Amino acid sequence: MLGSDLIIDFENCGQEMYRLMAELFPLCRSITGDGVRETLRTIQGQIPLRLVEVPTGTQVFDWTVPREWAIRDAHISDSNGKRIVDFRSNNLHVVGYSVPVDRTISLAELQNHLYSLETMPDAIPYVTSYYQERWGFCLTHRQRSGLPDGEYRVFIDSELKDGHLTYGELIIPGETDREIFLSTYVCHPSMANNELSGPVVATMLARWIMSRPRRFTYRIVFLPETIGSLTYLSRNLDRMKENIVAGFNLTCIGDDRAYSFLPSRSGSTLADRAALNILGHKHPDFIRYSFLDRGSDERQYCSPGVDLPVVSVMRSKYREYPEYHTSLDNLDLVTPAGLQGGFSAVRDCLELLENNRVYRATCLGEPQLGRRGLFPTVGTRDSHSQVADMLNVLAYADGTSDLIDISNIIKAPVYQLYPIIDELLSTGLIGCVSV
Amino acid sequence: MLGSDLIIDFENCGQEMYRLMAELFPLCRSITGDGVRETLRTIQGQIPLRLVEVPTGTQVFDWTVPREWAIRDAHISDSNGKRIVDFRSNNLHVVGYSVPVDRTISLAELQNHLYSLETMPDAIPYVTSYYQERWGFCLTHRQRSGLPDGEYRVFIDSELKDGHLTYGELIIPGETDREIFLSTYVCHPSMANNELSGPVVATMLARWIMSRPRRFTYRIVFLPETIGSLTYLSRNLDRMKENIVAGFNLTCIGDDRAYSFLPSRSGSTLADRAALNILGHKHPDFIRYSFLDRGSDERQYCSPGVDLPVVSVMRSKYREYPEYHTSLDNLDLVTPAGLQGGFSAVRDCLELLENNRVYRATCLGEPQLGRRGLFPTVGTRDSHSQVADMLNVLAYADGTSDLIDISNIIKAPVYQLYPIIDELLSTGLIGCVSV
Amino acid sequence: MLGSDLIIDFENCGQEMYRLMAELFPLCRSITGDGVRETLRTIQGQIPLRLVEVPTGTQVFDWTVPREWAIRDAHISDSNGKRIVDFRSNNLHVVGYSVPVDRTISLAELQNHLYSLETMPDAIPYVTSYYQERWGFCLTHRQRSGLPDGEYRVFIDSELKDGHLTYGELIIPGETDREIFLSTYVCHPSMANNELSGPVVATMLARWIMSRPRRFTYRIVFLPETIGSLTYLSRNLDRMKENIVAGFNLTCIGDDRAYSFLPSRSGSTLADRAALNILGHKHPDFIRYSFLDRGSDERQYCSPGVDLPVVSVMRSKYREYPEYHTSLDNLDLVTPAGLQGGFSAVRDCLELLENNRVYRATCLGEPQLGRRGLFPTVGTRDSHSQVADMLNVLAYADGTSDLIDISNIIKAPVYQLYPIIDELLSTGLIGCVSV
């Protein structure tokens, strides 16, 4: 199954991620139901995801796994029987978790069940009502404004019944039990940046991780936002707290307009340090948000008592771009280049974490680089600066600074230090202090 | 006696404070003597102050309680017997602690005993000589410049004799022995901002404190500056160091031109944190002084080995306004609105301290606000932000941050968080960690 | 021998340092050999330096003491036998540690052994090849460009043989075993700022130290850069790590264009704090370099595992001025005033260290300065500020802040506090906590 990985060029995998996104786009996902299952099964075509079903009614911390929602059809029809708002043409038209209805009502009554955006007249908004029974339709404000008086049939063929909450999990074992955690969500219907960019980047990252040796074990989850992360935490918290050294919440990582960073609650975890180092060197104009701007599953992962080191490396952040939570967050907004950029930024963070250790110089004083061929043997007025990076790494290989610290102190991109570290390790001039 | 408190509107008590100030203004206070006693007895008409008398000669740390000063009359008369400088018209005319004199001297000799301000020709300066025996008169520079040559009679009917240093103390018990400390001084003659604003605001704060339930015990003292605070400390230091969690030196708190803050020596005590939070949100243009700018009893309260957490929340700070220590610091300079503003700022600090605790969320992950009626049940693109404050409080209710920390982190005025804390406590979503 | 010290005016000793520099200038120093020995013997004329010889082949950490280099003569002659490049006229003309040669070669072949600076056509560059056997000549680019085609005789009468590395050491005992460390190097041929300024300032500092009482023991070393400091460390590391509280690397301390500071690796040692306080008050426009800009023996002294508190207080820093490592770094570049400024800056640091202790006020509350004659006895509106420095010292004499801390907090130059400290100690108002 994973044979195809052998030929992936991870520097140019944006098109492949985009193709998977286009395949997943039409599915009507919600926090439960077959839309989630189909999404996860499609992803199983690329990575060996394990699907887990948690029954309705299961207590997860302060919450309860809700009933499962099935939707088969929904429309508003005019007095001529013409479907003027049709779930089949865009699954955003129906309010998520709508209860069934089949009535004919006046426009005035209908208005109580309609949602549109006056400021974005051509966008269908995304609306849900998970925890209170309602029914409703979403449509463009332009269409809504033009609805003539009269009778309308509202029809929603849906079902709320005991069932399961479904999530996908992939554990990729490494040399140690220490884990890096990737989380993404699969609960929004047809939207691209704030939905599918996360799962497709997570899928490609899983393929990249599996393609190479690794120190860390990777825990990768695809789950419905909020209730899914709470459910996952409630079943795995002890192991996660014990093992996870850094985590990334993958969301809004597919357009090509910006890079964004949202810290963990403390702001100083290993994940924060890795992401800030990479973004600072690779995308120095990235937007740095505060934990006060949070809005995705870091709300659970970083909550008091959970306290996992989880950050978000994003492109245009949820709530900060105009198309957010509307039908305009579509396959035009997300691009192969945008996905590639998001993928590469997170991959660089993972690569940094794999390389990040505490080193210690093995001899007192500076070593004699010259006799090892590491230093020009004619001293001229410029030669001092030629091996500055190597000497700086040696100067801070003090048994307490890790590679991120060293990179920050000596102001050299951490990825420029990997070959230096390799050379110093292979000549025995430094040793690893941490495992 | 305290029945009148029942009808005070503490939002509009500036006039009442001003009336008390006007009543106290004419008294000739000094660091000892009947002026202090009369001042304290007048305040006893409003709050149950206990008067304490400490004998002359008592050793207080490096100091000794001085002899008591009594002054009955003082004047300079011209050769016609006309009183040209008269203690009865303004008690600032005589140098504080002047020894008696009754002589007729030349203008040249008189000049050695005169004090005036060339740069403020219409102001009588305030001058004292507590610890070296002297006599002298203060007058406007305009008057001094116009004195004709000739003989002048100088007459001071004063007395320096063994007696007492007098201070007033009020302990208002609370639920715990932990104390909040308020200190103000009653040793300057007829001046308003740098004298009476402190005692009248302290009196009103005592009435406010007594009018409501309280966690803390309040220790409120009215004493002569420096020698009084040293005396009080020398008799109460152990209990004060053990119990006081925050203290406020009340001085220069009655004009309406500015808000000012002077920190404790360390700058990071609970009193500093409370005052900076309140002033930062309520009066963001307040002037922030350094401990190097100190000049009142924090010099004793924050001295090494004493180390009490005492700050000053002021209006226009001593030494920083032109009328300071002159006859122009009078009943025109201080206003009812100025007193009300000063009172409210300190009251807000006390209210914050009463509310300031460390909280801990009681469930893992975010709680489900919706089923408790704390969250809108239709998820729209805006609903995330509607309960941001509550979610932020929950996110930082981590068992280590107190309410001031939370307010600072989430950038929300602490007083906007009181109802949220109440709601979260009453629904059991958070609990108190600290008592 | 030290009798002459009795008449030195250390405020005006620039000319005397300059004279010593002029005497040492012509010697052909290298990292080993008679040039170093003659330099050290000349300095022995002023201070009781002990010369130490370490044999060729001695292992010093990762390095080996090299063979000793002797050079008697060197020249390039044209086909007429005329010396066109002559070691006797400037010892920079020969590449340091050149092996012997006596051949006649073409201009083309000669070019492989020539070093010049195109951007500084009138400067002879300084080039060495300590650890790889080579021969070569340095000359001005102007001369090199004008060399006609033809045959040239290259002649170097040098020798590389087993011998010794030589360094000088002076231990000046003080009241305690705790040491202040001064290090300078004596390994460059005829250059002034980046060579002789260090030894001559170090010599004058030694004379100043010996001329007065002292708390600390002083360890002063004159050694070849890099291999010399490594050698010295390898023989003395344990005692140095145990005793040294602050150290100064003396280099580039003789021109009069700038003051410069290069911190220790941690940046927060006592040496850093002392130097930053002095430079900040005395030379507030000093240039503050980073440890990343290092290039002298702090590379060894501050290396991981060595970790000595060594900083550099300089005038124009090596590598930062145009004449660096060329024949233009000469007796015109360094001036008596430049040397005096460098000497005084380091001397001020040493004086600060001698005075720097932790003090504690002996009484609670402010002391009564008045009865000790330390405070004006008439209180006027200005008197508060008159003794501000003394009161501020008392306020921060808290048993944990040292004098540098106090100076930094109260923003008063530390040398203005020495008489205040003396007065407070002599009146018993403060005591010393640290030894």
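Just so it is clear, A, B and C label the chains in written order, and each chain counts residues from 1 on its own.
Rule of thumb we're sticking to: a residue touches a chain if its C-beta (ideal position, glycine included) is under 8 Å from a C-beta of that chain, and two chains touch if they have at least 3 such contacts.
Predicted, not measured: the structure shown is a model, and the values here were computed from it.
Asks: Taking chain A out of the count, group the remaining chains by whether they are connected through touching.
Replies: One piece, even once chain A is excluded.
Asks: Over half shared numbers or under half: where do the identical copies chain B and chain C land at their interface, same or different?
Replies: different
Asks: Expressed in ° and rounded to a multiple of 5, what is the rotation angle of the C-alpha superposition of chain A on chain B?
Replies: Going from chain A to chain B via C-alpha fit gives 120 degrees.
Asks: Quick check: how many Å separate the C-alpha centres of chain B and chain C?
Replies: It comes to 55 Å between the two C-alpha centres.
Asks: Multi-chain contacts in chain C: which residues touch at least two other chains?
Replies: Residue numbers touching two or more other chains: none in chain C.
Asks: Write out the stretch or stretches of chain C touching chain A in their complex.
Replies: 60-63, 95-96, 115, 117, 125-132, 134, 226, 229-230, 233-234, 237, 265, 291-292, 294-295, 299-300, 302-306, 319, 324-326
Asks: Write out the stretch or stretches of chain B touching chain A in their complex.
Replies: Contact set of chain B toward chain A: 360-361, 363-368, 370-371, 377-381, 384-385, 388, 391-392, 394-399, 409-411.
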